[in-house]
Amino acid sequence: MFSKILVANRGEIAVRIMRTAREMNVATVAVYSEVDRTSQHVLTADEAVFLGESDPAESYLNFDKIIVAAKETGAEAIHPGYGFLAENPTFAQRVSEEGLVFVGPPAESMRLLGNKTTARRLMSERNVPVIPGMTAAESDICRLQAAADEIGYPVLVKAAAGGGGKGMRIVRTAGELPDAASLAASEALSAFGDGSIYLEKYLDRPRHVEFQILADMYGHVVHLFERECSIQRRHQKIIEETPSPALSEELRARMGAAAVAAARAAGYVNAGTVEFLLDRSGAFYFLEVNTRLQVEHPITEMTTGLDLVRRQLEIAAGLPLPFAQEDILRRGHAIECRIYAEDPERDFMPSPGKIIYARSPEGPGVRYDHAVYSGWEVPVNYDPILGKLVVWAEDRPSACARMIRALKECVILGVKTPIEFLLDVLSNEKFQAGETHTHFIEEFFSSWRPSTAGDDLAALGFVVNEMLGPRTVERGASVGPAQPISPWHRLGAWDMIR
Amino acid sequence: MNFRLKIGSETRSLEASPLDETRRTTVMYGEITHSVAVDAIDDNHLNVRLDGRSLNLFVGAAADGAWVWAEGRARFVEDADKLQRRKSSGLLDQPVAVTPPTPATVMRVMVEVCQMVEKGQPCVVVSAMKMELTLAAPYAGTVTAVNTQAGAKVMPGEILVDIEPLTEAKADE
Amino acid sequence: MFSKILVANRGEIAVRIMRTAREMNVATVAVYSEVDRTSQHVLTADEAVFLGESDPAESYLNFDKIIVAAKETGAEAIHPGYGFLAENPTFAQRVSEEGLVFVGPPAESMRLLGNKTTARRLMSERNVPVIPGMTAAESDICRLQAAADEIGYPVLVKAAAGGGGKGMRIVRTAGELPDAASLAASEALSAFGDGSIYLEKYLDRPRHVEFQILADMYGHVVHLFERECSIQRRHQKIIEETPSPALSEELRARMGAAAVAAARAAGYVNAGTVEFLLDRSGAFYFLEVNTRLQVEHPITEMTTGLDLVRRQLEIAAGLPLPFAQEDILRRGHAIECRIYAEDPERDFMPSPGKIIYARSPEGPGVRYDHAVYSGWEVPVNYDPILGKLVVWAEDRPSACARMIRALKECVILGVKTPIEFLLDVLSNEKFQAGETHTHFIEEFFSSWRPSTAGDDLAALGFVVNEMLGPRTVERGASVGPAQPISPWHRLGAWDMIR
Amino acid sequence: MNFRLKIGSETRSLEASPLDETRRTTVMYGEITHSVAVDAIDDNHLNVRLDGRSLNLFVGAAADGAWVWAEGRARFVEDADKLQRRKSSGLLDQPVAVTPPTPATVMRVMVEVCQMVEKGQPCVVVSAMKMELTLAAPYAGTVTAVNTQAGAKVMPGEILVDIEPLTEAKADE
């Protein structure tokens, strides 16, 4: 095993990786940009190296600086986390060439899978079902128009190099295509450094179901069951759960086998995720492979009991996977909610700012992977994720109830978050019935507004806080306990919020 | 004590009796009266008994108001009177100018001085937290100034493009 | 299911019970004494009722006040937690007579099992092996002397009514017996209201292995496997783990069957724990039944995936257990460390005081059930438990590593805690080899002292804090980042503490 | 700057250069010099780079000193000079008197005025946090006063029983 690794990332995922590394007695090196000088991942590492300006190109995307940092600190491997350089095959190759270990798949697998059109072709050849669509990137608008006519509207414009919804556009009529293509190409260029786009058939209210895979260097590939990630806003996942309410054991086995076949087709090594769309008839289509650790990996960890970061490091160090497919068992139900600095009332627009106060939910079955603390300023330069709240319970209803309890314990003051929105989604009847699909938010929550009952309580809090005035809190002061008031008093306007 | 509070787009009035020595008060919310007892747990944490029901409220002071959290719901609460003063500076209005909603970097400027624009026409594309946002003209008119350029770091309230509105007569045409 | 319950307890266990109740949509009523007015359990409940003075007799032990509180708030059931009234059959009976539900076993079972000598007789009759010793309480010193001679020294003086090490004394020679008997009787009287004592054979370095049982009202009894609680100071558990490193599957099955037989013998209903001593030859002896939820119940929850408080409430509400013995599976390894306000340098003497600052450990596989917050004053009136730090991991070595990581994230300033001591125990070779027994601390850690390396870092912290001076922290201030220093600089005196 | 610090029973001296504008200092610990950089994360949390290694230290000020936490190890650190002043008040000595180590309730008083006691002889039994503690005579002597009674609430430093020591000649007998 490595004695020291560098984590080429920031925020909650860097913290999460460092915790497992510490438990494996592997020392950790953080890297940071100007604005992240006192960010949580810097505080968590054993040592930290300053990279440069806050602009990602000068810091978290800068190959040279990261490699110098690894060499100067004596790190033997680089874990890229997710985002930034995690799916950049050129970086992975450079790391290897420098005599360091990249904790992820070989550059060649990443290249194959990173280009969505190549990946689609490869999967078609191996009989993994793919969504009807173009098999090569295209920039000529006339050819895109022709392809769209052939596939049939609605079509989806997608970035060939991308992921996470970046550069993705739904196009319902031919007239919308030129603008959508141009915007998508521009977003893709700025996000991935590659503006290639392609089109595919747009499915009506499918589920997003993905399979976690692990592959060692010796050709042993297993899957760790599925995650359903249908609850999305702006094409980005916001609630994930496992198991999927939609999968029978038979379908799970078939999809799992397809995921393993997809990984094998690409010569995959390390942890990865094979994403599928599952349509309403039960047919599933290969979407893409994410060649990295996913944001939502904790729900798989909680149901399978396996630490994915530990496995990643073991695989990267050349250890064989110590279990077979039949040894991997799942138990109970896990749900993750992503907590972003964003405003659910304004199309989930980023809401950076200073965290005035933060307090973590606790208690049985709750895991909160985050990088937030009171007084920390959420930088405007990076993805606005604050943390991931994850719960595990015996079954789906208990997990929903636990998530609601945990969200209600999760205090973040100073930026907008989707917590209230998430509470309403989790309390929704159709969600509780497991009737989820990728347009769920659009269909049922597009006109969502915060409750006025919440306004009433906020007004109350403001008023009593003003009346208490500036204070140094002294408990056990001489005034004696505030006597309890009969709970039988009429609750009036406030009792609706119980 | 009377309070006029702005929460979101709503303004509401509350009346509360001063806290007594056991930190109790009566809060009148329109016609309904509530008995309230409060303990300060720390600088940000209040435990409130509202008609006997225990609630944990978290309060964080910010410029011109305070964030208040209750059971997963966070609100920014402003004192409506202080607010009035800010409003006259034009910072708090609904988007009626081409200004970014969050600190951002300008990607493209899509209009020029003297150009006529329609309401909703894209004027500037900015990027914030890995997302591109298009800032549209809030009303039809003529561009009188472009105050930014690609690559500039811009802040909310900064007017990126000045637009002189059409007169109503013209707009009705 | 109940719509509202009262939790007749305080601190971390009350908070833990309320969290599950909330997830079950059961409203909660806290009760509190003068000193607990702003304690965490009061803050966690939906409503709270003031009982009276801080003296337990005026508050948490006061039958009448608690029952009035339940009736006035409309609570249908009373959960006693552990300690206080949890094992008081008179209280349980009174609760039933008042038309409320006691969340625990029937008063009759508690009476049978609560008296250790009666319990020992009962178990002997049912062929559950018991430790050689007296089968009736005795106060006459001459008869105690005779019994001790018959059993053979060393003998253990135990409180007939007690538990948790209260009133327990080891006596190695006849000369020590009178004083030990008198002190034990006095402690038992003040702790349990019953000064009866008895003697039993003292085993050499046995392991403490207990089995969690669940029994519904319909005679269905299952066990949830064992917990090993051998690491004790002052006869009180401080580290618990499951599974026990000492049990083969065969022995586990035999002990589990004995535990179920013990529960059946007493007509047991609800959650309980059958404690055994396991000697070095593999023979096990019935010790006692704890007729309540144990402090260490979370390790069973984490390995079996079952929420014991949920089961307690379901059983109390008359629901049948929804699973059979063979449905209960365990996975991985869980460890609990008890965090008390106590001084490990001074025989774990209580160390009450004000918590100046507290910060919870977080991350994968960590659960911290506690009732501590910055600014809270630990009352001198009650058991000094602050919280229980629990971890789960795939196997015992990973769980040990995770506990060490979590303990190092657990910040408590203002009172002494055993955290540093626990870190040293967890790092001990014999502990890591699983060679634990009830005299482990006595044998290997009786002369334990905090490390001087810790003193060095504390001195550094004090000095830099003094030099920074009083401050309002402003991040992103104009002075620019503190430039990183080469990690290759010699660490000097401090590198030993890595 | 020179510091004399008492931690547990040890006193140690440290020398540190003043923090420069990038919050760096050099700390001399006897012969060894360490380079230290520090960031204040919040009022209680310091992040320190000690010869390049990152450490999180938590500091909580208390009367006459501060609690300092590092990697699971908490220490109460006292300024040795302030300490000297307290020491003369007799509060900080090793147990040389019959006084409870923690706030407690007296259960039984086992000695009387004029009684001769041996070193280690039980004098008072107190109860704290559900545990009984026996307070023994710290030296042999004669009880000159009993300052408490069963049921009394007592505090550390409060002398419950006054004992006049035997002269050395007598003790040697």
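Labels A, B, C and D are assigned to the chains in the order they are written; within every chain, residues are numbered from 1.
Definition applied: contacts are C-beta pairs under 8 Å (C-beta built on N, C-alpha and C of every residue); 3 or more make two chains touch, one makes a residue touch a chain.
If you're wondering where the values come from, they're calculated on a predicted model, not measured in any experiment.
J.: Based on CA centres, what chain would you say lies at the far end from chain A?
T.: Measuring from the centre of chain A, the most distant chain centre belongs to D.
J.: Identify the chain pair with more contacting C-beta pairs: A-D or A-B.
T.: A-B
J.: Using mean CA coordinates as chain centres, what's the chain A-chain C distance in Å?
T.: Once rounded, the distance between the two centres reads 38 Å.
J.: So how far apart, in whole Å, are chain A and chain D when each is placed at the average of its C-alpha atoms?
T.: 50
J.: Using mean CA coordinates as chain centres, what's the chain C-chain D distance in Å?
T.: The answer is 29 Å.
J.: Spell out, as numbers or ranges, the residues of chain D touching 2 or more other chains.
T.: 39, 41-42, 49, 52-53 - these are the residues of chain D that touch more than one other chain.
J.: Which chain C residues touch at least two other chains?
T.: Where chain C meets two or more other chains at a single residue, that happens at 37-38, 47-48, 374-375, 473, 475, 481-484, 486-487.
J.: Can you tell me which positions in chain D touch chain A when the two form their complex?
T.: Within the complex, chain D touches chain A at residues 39, 41-42, 47, 49, 52-54, 56.
J.: Of all residues in chain D, which touch chain C in the complex?
T.: My answer: residues 1, 3, 5, 7-8, 10, 12, 14, 16, 18-19, 21-25, 27, 29-30, 32-44, 46, 48-53, 55, 57-62, 66-75, 77, 101-104, 107, 127-133.
J.: Using the touch definition up top, name the residues of chain C that touch chain A in the complex.
T.: These residues of chain C touch chain A: 15-16, 19-20, 22-25, 34-35, 37-38, 47-50, 72-74, 298, 301, 305-307, 310, 329, 331-332, 360, 362-370, 375-377, 393-394, 398, 401-402, 404-405, 473, 475-476, 481-484, 486-487.
J.: Touching residues of chain C toward chain D in the complex: what are they?
T.: Residues 166, 183, 186-187, 190-191, 234, 341, 346, 349-352, 356-357, 359, 374, 380-384, 407-408, 410-414, 416-417, 419-420, 423, 450-468, 471, 473, 475, 479-494, 497.
J.: So in the complex, which bits of chain A are touching chain D?
T.: Of all residues in chain A, those touching chain D are 30, 37-38, 42-43, 45-48, 373-375.
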